[in-house]
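Once you scroll down, you'll see the structures, which are given as structure tokens.
One chain, chain A, appears in both complexes that follow, with chain B as partner in the first and chain C in the second.
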Partner chain A sequence: MNNLLNELKNLFKASDLEHKRDDLVFITVEKHYLPFAIKLAKDNYGFRHLILMTAVDWLEDGFFQVTYLLRNYSTKKDIGIRVFIPRTEPVIESIHNMWETAATYQRELKEMFGIDFPGSPKINEPFILEGWDDIPPYRRDFDTKKYSEETFFPRPGRSTNDPEEYMKKKLYPQEEKDV
Partner chain B sequence: MSNDDLKKRTVTGPDGVQFEVDPMKDYFCTETPHPENPSNKVVEKFLNWARSESIWILGYGTGCGAIEMRPLMTPRFDAYRFGIQWRPTPRQSNLLMVSGYLSVKTLKRVIRSYEQMQNPKYILALGSCTINGGMYWDSYNTINRLDQYLPVDAYIAGCMPRPESLIAGFNELKKLIKDGKGEGANKYAENFDWYKQNQKKIIKDWDMPDYNW
Partner chain C sequence: MFKEDRSKFPKKLADGSFDIDLESHKFTKIWQGPQHPGITGNMSLELIIQGDEVMKCTTHVGYLHRGFEKLIERRKYIQGFPIVCRICVPEPDFNEYNFAAAVEELAGIEIPEKAIWIRTLVLEMARTASYLMWLGGAAGSLGMGMIGQWTNYLRDYMLDRFEELSGGRIYHMYILPGGVRNNLPDGFKQRMLDTLDDIEKVMKDVDTVLMNNAVFKKRTVGLGYIDPSWIEPYGISGPNARAAGVPLDVRKDAPYLKYSELDFEPVTGKDSDAFTRTDVRRKDLLMSIDLIRQILDKIPEKGDFIAKLPNVLNWEIPKGETYIRSECTRGEYGYYMVSDGSMYPRRVNVRGPSYTHAIALMEKLAVGVNISDTAALMVSLHTYPPEIER
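Moving on to the complex of A and B:
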């Protein structure tokens, strides 16, 4: 593990090392080094299992974070390789040549976050949503409540409690009076 | 079925003859449904009694509510003693149970299944998701009210309703049918345009005929 981390640092200028557990490390690489970093981990250091690919929308900072979680079964260690890409140009190189299953994750990310992986199989076909014509729904600037109200005929008369306020009133009625 | 399967195309048959296929016209009926009125009230009353005692369910689970049907059909609650049983295809069944939340994608399949069922047909909607969206009321992908898209005969409230309440719901449906109020199919036929308009509003890639009979 340490050899891999050193090599990633030296070769690919990896940064932001985070030891979450003894067997789980997160590291950030730059976008254009990403396929090489993953290939290095897979071919030379035995991280042969792609556990998952996922994305986070950092709306305020203007970035998408894409995480590749890999596992080495002989040493029982996990590594999470993170990459930050600008929200204005969400394109990353596809890794479907290394793991065929990655194509499915990439289709999902394309549909839910609008992150493009050129060359990945069936990347432009609808995956879960059929005929979606709004901005991708997992982006944080997509207002799911507003969309639902405009689209799905909400039934009038439905009331909702804010969980925090409601539980405060229910559990600590005295405090409410004191204030 | 993808969009390409529905396009007009030339096909070569096994004997080498080429012919043109227009799936929207050749595979599906273009006629829209029409309401069926009983000719004889006395006979209809007998038929309604028979219908209410032989409810055949299309075994199609849409959401988490489908899990409640297993205890219902197995010996503990044993719905078969009420003449309720599960059938594998829409053509054989007369009750569609919409069990829980419906995503837009599932709604499309539910509409197809419902339209393929033969008259008389009924819809029983399970859980609060079909009434007002339930816990998924602000989701981008689940519908809020089922009765905007399909004619619902009876709702069973709960999240999820237990098998006991399902049996109570069946009894309620039986009463409706015996009273001649199970007219969902006629309601659907009469307001066909309104239902289609609502369905097409949310199903944006409409790649099937208007009526899937």
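Moving on to the complex of A and C:
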């Protein structure tokens, strides 16, 4: 594991190393080094199981974080390779040639976050949302509450509590009295 | 099964797929689903068949998308735990555990010893209940309805135990960040042991009727062969991998909760077909019963079952990210959680094993299978669609 981390640092200028647990490490690489970093981990260091790949939307800072979690079955260690890409140009190189399942993850990311992976199989076909024409719904600027209020309408005769107020009353009655 | 030299099959293209021309009227396209006999939930298969053999299979999901990951982002951490269990109906507890463990790790909370034992117990109970339901489905997909009735009444006994533990039969909302919601009720241990005895007794009958059944053997031996070399490219885990002889089990590889103190060996098979996968799951169920007995012996009588938490309505979790995994009945179930230091999670991503099994792998395995066996094939991969689309 340490050899891999050193090599990633030296060859691909990896940064932000974070030892989460004994068996889990996160590291950030630059976008244009990403396929090489993953290939290095997979072919030379035995990280051959793609656990998942997913995206995080940092709307305030204007970028997407894409995380690739890999596992080495023989040493029983995990590595999370992070890459940050600008929200204005969400394109990353596809890794479907390394794992068959990567195509499914990439298809979902394209649909849910609008991150493009050119060349990935069926990348432009709808995966979960058929006939969706709004902005990709897992982005932070998509307002789910507004969408559901516009799309669906409440059934008459139902009352609802504000969950937070209700929980406050139930969980911390004393605090409620003090205020 | 498909043999290359049979003249009725179409030519193969360079990429290994069949040269299918729907206009030639030699092929039929049919849809199985969204109410598909092979799965618990809604999902459909778009099949192109010639005669009664599948030439091409495409999986379509999206019928159960409720946007859980987005819903969790809009709620405080403590409000997340009643939602996550809904991601998987037959065994919600793995979601609860993964979510709670991820929050605890990010917040740096230690949970009491007794809560760890009760969590281990609940996860094994969920595994038993889920396997019982699956066995019924596996037999039912090949027309043996009786076994489903036997195993489902046994599952109901297990749900009774869940009910007295948590108040809920299907969704328990029992494991929450900090520990578990309630102590074990009086006399729980004895009632649990009685239930386990009942299950074991009927499992002997299931073994006789299902595993020795000529029809079951004839239709499942050789069906849906998974080569061990596919495990890494296709991300296969759990019983599907163990049936191929690869002992992948998170309980052993990365012991969580109290699994390092329990005595067990992952069950493996060697033929890697639908029959072996059934056998592996059946043995895994029996192992799970043994594990519950071990846990009941070791569970401490006294002690807290929940840690003291700060005011959960103003609970700010330090910035960070983590990945928590556990072994559910289908394989590796994981939660990737990112916190930005606020009271709301920035992102929660659910890694369901069905995600890899039901799409890329199913589309590969279905080619060449007789159309009447697609349900059995689908069941043998053990798929729950809600965890694909979350």
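Note that in this section the second predicted complex is superposed on the first by the 167 of 179 C-alpha atoms of A that agree within 3 Å, B and C clash if a C-alpha of one lies under 4 Å from a C-alpha of the other, contacts with A are read in each partner's own complex, and residues count from 1 in each chain.
By definition in this document, contacts are C-beta pairs under 8 Å (C-beta built on N, C-alpha and C of every residue); 3 or more make two chains touch, one makes a residue touch a chain.
Note that the coordinates shown come from a computational prediction; the quantities given were computed from them, not determined experimentally.
In the overlay built on the shared chain, the residue A:99 is in contact with chain C alone; chain B does not reach it.
Touch criterion met: A:151 reaches chain B, while chain C stays clear of it. Comparing chain B with chain C, more residues of chain A are touched by C. Once the two complexes are laid over each other on the shared chain, residue contacts for A:130 go to chain B and to chain C alike. Contacts of A:166 after superposition: neither chain B nor chain C is touched. Judged by the document's definition of touching, chain A residues 126, 128-130, 137, 144-145 lie at the interface with chain B and also at the interface with chain C.
Only residues 104-105, 108, 131-133, 137-145, 148, 198, 201-206 of chain B touch chain A when the two sit together in their complex.
Remark: chain C residues 61-62, 65, 67, 69-71, 73-76, 78-79, 105, 232-235, 248, 253-254, 311-313, 320-323, 325, 332, 334, 336, 338, 340, 346-347, 349, 351, 355-356, 359-360, 389 touch chain A in the complex.
Note for the complex: chain A touches chain C at residues 18, 20-21, 23-24, 26, 48-52, 54-58, 65, 67, 69, 73, 76, 78, 80, 99-101, 103-105, 126-130, 137-138, 140, 144-145, 163-164, 167-168, 171-172, 175. Within the complex formed with chain B, the residues of chain A that make contact are 126, 128-133, 137, 142, 144-145, 147-149, 151-155, 158.
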